[in-house]
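Note that the chains are named A, B, C and D in the order they appear, and that numbering of residues resets to 1 at the start of each chain.
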Amino acid sequence: MVLSGVEVSKHDSKETCWVVIHGKAFDVTEFLPEHPGGMNIILKYAGKDATAEFEPIHPPDTLDKYLDKSKHLGLVDMNTVVKAEEEEDPEEADRLQRVEDKPLLSQCYNLMDFEAVAKNTMKRGAWGYYSSAADDEITLRENHEAYHRIWFRPKILVDVKEIDTSTTMLGTKVDIPFYVTATALGKLGHPEGEVVLTRAARKHNVVQMIPTLASCSFDEIMDAAKGDQVQWMQLYVNQDRAITERLVKHAEKRGCKALFITVDAPQLGRREKDMRAKFTDQGSSVQSGQTTDTSQGAARAISSFIDPALSWKDIPWFQSITKMPIILKGVQRVEDVLRAVDAGVQGVVLSNHGGRQLDFAPSAVEVLAETMPVLRNLRLDRKIEVFVDGGVRRATDIIKALCLGARGVGIGRPFLYAMSAYGDEGVDRAMQLLREEMEMNMRLIGCTSVDQLNPGLVDVRNLGAHVTGVPTDNLGRKVYDPLVTPAWKPPKSSKL
Amino acid sequence: MVLSGVEVSKHDSKETCWVVIHGKAFDVTEFLPEHPGGMNIILKYAGKDATAEFEPIHPPDTLDKYLDKSKHLGLVDMNTVVKAEEEEDPEEADRLQRVEDKPLLSQCYNLMDFEAVAKNTMKRGAWGYYSSAADDEITLRENHEAYHRIWFRPKILVDVKEIDTSTTMLGTKVDIPFYVTATALGKLGHPEGEVVLTRAARKHNVVQMIPTLASCSFDEIMDAAKGDQVQWMQLYVNQDRAITERLVKHAEKRGCKALFITVDAPQLGRREKDMRAKFTDQGSSVQSGQTTDTSQGAARAISSFIDPALSWKDIPWFQSITKMPIILKGVQRVEDVLRAVDAGVQGVVLSNHGGRQLDFAPSAVEVLAETMPVLRNLRLDRKIEVFVDGGVRRATDIIKALCLGARGVGIGRPFLYAMSAYGDEGVDRAMQLLREEMEMNMRLIGCTSVDQLNPGLVDVRNLGAHVTGVPTDNLGRKVYDPLVTPAWKPPKSSKL
Amino acid sequence: MVLSGVEVSKHDSKETCWVVIHGKAFDVTEFLPEHPGGMNIILKYAGKDATAEFEPIHPPDTLDKYLDKSKHLGLVDMNTVVKAEEEEDPEEADRLQRVEDKPLLSQCYNLMDFEAVAKNTMKRGAWGYYSSAADDEITLRENHEAYHRIWFRPKILVDVKEIDTSTTMLGTKVDIPFYVTATALGKLGHPEGEVVLTRAARKHNVVQMIPTLASCSFDEIMDAAKGDQVQWMQLYVNQDRAITERLVKHAEKRGCKALFITVDAPQLGRREKDMRAKFTDQGSSVQSGQTTDTSQGAARAISSFIDPALSWKDIPWFQSITKMPIILKGVQRVEDVLRAVDAGVQGVVLSNHGGRQLDFAPSAVEVLAETMPVLRNLRLDRKIEVFVDGGVRRATDIIKALCLGARGVGIGRPFLYAMSAYGDEGVDRAMQLLREEMEMNMRLIGCTSVDQLNPGLVDVRNLGAHVTGVPTDNLGRKVYDPLVTPAWKPPKSSKL
Amino acid sequence: MVLSGVEVSKHDSKETCWVVIHGKAFDVTEFLPEHPGGMNIILKYAGKDATAEFEPIHPPDTLDKYLDKSKHLGLVDMNTVVKAEEEEDPEEADRLQRVEDKPLLSQCYNLMDFEAVAKNTMKRGAWGYYSSAADDEITLRENHEAYHRIWFRPKILVDVKEIDTSTTMLGTKVDIPFYVTATALGKLGHPEGEVVLTRAARKHNVVQMIPTLASCSFDEIMDAAKGDQVQWMQLYVNQDRAITERLVKHAEKRGCKALFITVDAPQLGRREKDMRAKFTDQGSSVQSGQTTDTSQGAARAISSFIDPALSWKDIPWFQSITKMPIILKGVQRVEDVLRAVDAGVQGVVLSNHGGRQLDFAPSAVEVLAETMPVLRNLRLDRKIEVFVDGGVRRATDIIKALCLGARGVGIGRPFLYAMSAYGDEGVDRAMQLLREEMEMNMRLIGCTSVDQLNPGLVDVRNLGAHVTGVPTDNLGRKVYDPLVTPAWKPPKSSKL
């Protein structure tokens, strides 16, 4: 039986809410309070066709997976369905103009350049989701700036004609010591989503970690890999362990080479920029009567899926259901690295989730500098592979992490930005730039291969310095007359 | 006998000064030099009706308490009284427009957001009074920034499904480890004044500390409490100890659960922003002939009420007149905490009075980090409850203080700002936001209850660093050509 | 014989240069290359009346002292003299408007406020001379900011009803522990010059140090003192010791109570702001043919007066010609303080000449913190009085210096700025503000008299930290999206 | 046989590319991929006269040296040759106006002033090449700012009448302890190129180091020297050692007094500003089809000339082919200084190549402070002369380096900027200013000759501090209300 648009349109409220996606109707009334994006966004499409909004941010198998079959109402006669009118966004024309005027790809000379372009060409909401972080975003920035407190002690007069940047991660040979770490909702940045990253990873022979919260389905991403391309799986553990077990076993069967269990997100973080980006005027009419706080709603909803009770005692169970090496992603103190060794896992990712979870969590590279000497003292540094992610933007950052003992570094947002701004070519160029920087900088510190990188090549005395400085808005500075350079002749002068 | 406006209007000078308030005349000639707000502000209303100006910033029982009955001149025929014409404030229309355009309450995602709204919607003088601080306001900002020098060392893989943020302060069970600390003149921000905070404290089950300098009367604030709601009393000690004794005994009888004696304000601080906000053009005509410096006058006047001679030897007397636990508010060095233990008081608040008294006084949290190890070494940490206030804006701040050993933290201005900007709903949301942040951040550092918070979870190595930096306005930087990101195509481009 | 203007006007070149001052002609041809202000400024007035330019910056006895009698050519018939036309300064009208619009004196609440007013009301050249300092002016700013690295450890519950800020310097009882230190060319800021400071010093019972390079004559300044007002003498030592001896003996005879010998200026510093302020367009026509570098010329000229050969072995000679206590002004390292004790002088001023001499010279207060423990260890701290100057703007600065062991602090520029902006009333208010701050802040750290100030009341752990910070103009920050507070409703909104 | 323009114009593609220079045709087809500046820049002139573009940036003997004689095609009839039309640069008119309005030379009071003028008067590409540095240019700025973390401990009461700033470097007596270090492509800044610097060096009796990559030919620069003027040779070592041997022997024969072998540039650095400056719109048409990355191309091309395999084992060979003292330029760690001593070279230049190679390489002065105590401990400090370069802008910088043990400092860019802005007179004044600063500052720290400079005169405690600071864009600061100075009267006021 084909439903009519008129029938669907009657279910346009919190009490009974149907939406049409790809020509089929779904009853999402009961799902409303659990929707990670909040209830309001669905209600906007209640009784209407929501395909355009739904598509970019949900994997194709979402409804099959998360909505009980009884709520799948069947085909709809699309000619009779009301399309939700697009909200007129006054900024959209400006944005499209900027997309047209954006710099040429060849003008991007480093990873920050892609971010500059993405910031001005992505849709506000998408940019907000990708770039936001916890609270005052202090850890977000600390992640990159911590690398700026590490300085080199370069060697000279070494024959550096041939540079080999390759290394091995969890048994896989890679060409450069980074991997594409898992990031959610790739289709916010590019219509094809995560498979763009898959193709780039293959071209540069690096590993891609597949996110649980991808826009593409897991299988789509696996399918996009070619030849013996290696992929890893990132896992948010579900309260329903049966679902988790199914996902893990499926990944192993499909050929995933490692399981990265996220341990720093028992609850997904509050990211205020993201909240501000989502805010729309419709809120104004419901303010007085609002019953649920959507910000809390999102956190709660997602908590219903990610298990906040995940703990060390779950590790043996994971070891029992898969032969993939297990790596804990999001370790943040040396004590927990030691516990990870005890638990028999194969690796840890020192990470604070890109600054998106706990503000004032330390940077991975600072935890690394604290961790490796302890591991070496206990002769445990060969028992476990230590990765870091967060804030890596330059090959010098990679080299610093490797000097301190990291096996490899994860890079996430920069590739999303490259993808969002320039698609496949963007990610390709981003990786190419890193490769060139890497080769050059290895040469300039006097190392020809990754195994030569060692702590003696870096100065980390200041890594632990978290200084705010005495406030500088004081009257003494306010009345200070700034220094000037010579004055130019006044008349007819063009602007400097 | 009812006085006529004509009669009143004759008393319009420093030599004989009457004012009308709520339909009654008062002779304030002798009181003029003692007025905490300075003499000039009263003289503006000499011989006129001052109700509109008087009302928001004086508790209703002020005249009964501070003006001798002989100066209460009785009823006035209001039809014959000249109303002081409102000064035309050219900024007022702008301000009212901003009030109209202010963000929705639901757009406020953290405590700073309320401050941003309050700053632009409050009257200039009220904002000046609330936000001002001593000298260059360096301690004001240090109070918050000191927390930025404390970083977390989070634990992972702890079952954090259930989070309990409750704790006990001075025997009272509270839901979150903060209390509403005492702040003066609540009606500057909201016509109902401090009772707005009373209602919010009750809703969130936290304690309110009642200020001596409240706009509402003490009894109004006590009356606003419901059920077994707990309130504390903040006390400025009067030179006339009989008045102080009366206040304390009244508070105890009304059910106050603790007495917080302010010890950091033997003289109220000079706050230049506040002075600037009060400045009006009338000053121009009296400049040459001015006999009293109003800034000094205010300080002196208030000194005649607060006792600068208050000292350690007064403590036994307080212990003799009340059974309430006694807490010293404004302790600023470990030596004085030890002395407080010796004196047998039940607690201390490490505080610098919100940066309003002595500039370059250290932040409470830095004193805390210095104090607790000493107390623990001497096994005195259970003998006394240590609170901190000043600069707390995020739940991470609260957690840091608790990790270091604080029993609870006081929050003042942020709730005033929330109240000033959005009234009851504002304060409610501010507390709700703190609660959500608190729950989430406890989860993210791997603690399920307040008693699990401990010094091992924070990195305080940099807390004592008060760096100003070598001045950065040097010619080397001046001629440095700033880095750029890729250039956009020049023509037709919209603004980035 | 009275000279005619025609006769005078013939001497208008470098070869023969006469000028008229106060109705008398002078032949300054030979003096041209020695003029501290450079030759060009005189040549502008060659053959003309230079009184208006000469008067404000030279003591009345200058020509008698420095120009041989043979060059005094006698009276001129002023009716026949050409007046140099004033250069039209396009900024002057603006400046006069600013003078008219300047804030009321009662709007100045601290010493920086006077600087803000002076900066915008003084003539460019005068402001340039007063405010300039060496090279990048880093020491200039460091002088004040060093105090910002000193934090208090205040005591509470001390009876601070009565505060006594008086102390004794070199045997003189003063009301507040500062003195007016010597600064040159007072008439640049005020037509009456240094005697304005004399009057204010008397009113507040503090000592004034009389500068060698005053605009007023030494005797004028001495004469301006009333009753038993104490004054000190600051001395630049002349290569011709006979002149120096005459000055010193005269000062002693006139009743000066101490001799401060400047030891940090064997050559007067280069101050680029001052040079830039002096630059005028006339330079453009002489550029290619310029034979002397005026900047160098000024330095050389002044070197011919101040003796760069002054050394430790001259001290006994000074001790032989005067009974005044001798204090070395400009000591900059602990080793030299010890040597001063050995030399038997009565005091030292730790000073870097207000940052006007050597850039990157340390602040006096940092040298003080290094010096006093050494003196105390050697039990020499009672043998010598240690003063500091430079960067003192707040009473908290004074208190910090006294806690660390200074006997008193010198304050220079702030009083010049107060004088330049508001004359006698300005300096009076500046001192009054310091007095009020002093009293209040002593109260707030729990000290009732100056002798109670001690090192335990300050935290100087960071005083020696001279950090520049890793450069912050990096691409990571450049692409970082700044935090925002809630957005206001867009339409009709007035500016925030 | 004279070629016709028509014939030449046929060779205008990658497949066959001729260019005309100074009236002669050259076949550069095979050279295209090796051109250090990339292939595209040549192709713009394919089949045309390239003299105007070629001339400023290639030594006159370039074609003879690097292009096989078989590719020299002989004379061209210039009347028949098409001149490449100048690209219309919309910024050029503005630049020329700025050149006209530039400050007078006498308005430049320090080395930074020249940079300010050069930045605004040089062509964009030339400025880009001179001023650019590696990655985020952090080492570039650190080079100067490191000196700001060194503070003086000046001596007083020393007879400083006579100052001698002369010293000896590698046996040569010089008047001031700096030398003109080697920098490439002098004709970008001035049509005469490096010989301008030769003349200035002679005038001030300092040594010039002749760069391998000069715009003038080596012999032109040697020829420009007069009398016994001393010059040194800077060498990039060619993969073809026969070429290197020829250059070295020729230099020795011509009278060069020392050989500085660059050891910090096995590959020339990526400098993004330089790349951005070179970018032109032509790129837009080739973007999709671009086959070579020009940035990489440049690096590769230059690698084909500089030998990345240069290593310690090559040193004996250099010692065998020349009797000149050998100095390693670009040493960056104390271990390598010790190794240099072992290798028997006469000196090292601690240098990071002006920040142009490896970002986060330490400043030379920091390496110096680490190196000299080790050398002194091992009694090796007399065995080798240690120079530093990078970031020197003030005589105080020079004095600091000498206090720490440097024999002399190299200065590069500042003289290029002075030359670019004002030619011979500019460099002369720049050196004169340094000399004046040097003399004055030696006086002010109490030293009369260079050998008196010693580590006790500087405070280097903070030199190693590389602090980034906790990010300061936090909401607490955002809502903080900045301090203000007194408000001016509103009406009629001119701008402050």
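Some points to look at:
Just so it is clear, contacts are C-beta pairs under 8 Å (C-beta built on N, C-alpha and C of every residue); 3 or more make two chains touch, one makes a residue touch a chain.
Everything numeric here is computed off the predicted structure, so don't read it as measured data.
Overlaying the C-alpha trace of chain C on that of chain D calls for a turn of 90°, given as a multiple of 5. Both copies, chain B and chain C, contribute mostly unmatched positions to the interface they share, with under half of the numbers common to the two.
Of the two chain pairs considered here, A-D and A-C, the higher C-beta contact count falls to A-D.
Of all chains, the one whose Cα centroid sits at the greatest distance from that of chain C is A.
Once the centre of each chain is set as its mean CA position, chain A and chain D turn out to be 41 Å apart. Distance between chain centres (mean CA atoms), chain A to chain C: 58 Å. Taken residue by residue, chain A touches two or more other chains at 104, 107, 109-110, 112-113, 116, 136-138, 141, 145, 148-149, 272, 276, 279, 465-470, 473-476, 478-480, 483-487, whereas all remaining positions touch fewer. Residue ranges on chain A touching chain D, taken from their complex, read 104-107, 109-110, 136-138, 141-142, 145-146, 148-161, 394, 396, 400, 432, 436-437, 440-441, 443-445, 459, 461-462, 465-469, 473-475, 478-479, 485-489, 491-496. Every residue of chain D that touches chain B in the complex is listed here, in rising order: 110, 112-113, 115-116, 119, 127, 131, 136-137, 141, 144-145, 148-149, 273, 276, 391, 393, 467, 470, 474-481, 483-484, 486-487.
Per the touch definition, chain D reaches chain A in the complex via residues 93-94, 97-98, 100-104, 107-109, 112-113, 116-117, 120, 135-136, 138, 263-264, 266-267, 269-270, 272, 275-276, 279, 283-284, 287, 290, 293, 295-296, 299, 307-312, 314-315, 328, 330-333, 335-336, 357-362, 464-476, 480, 482-485.
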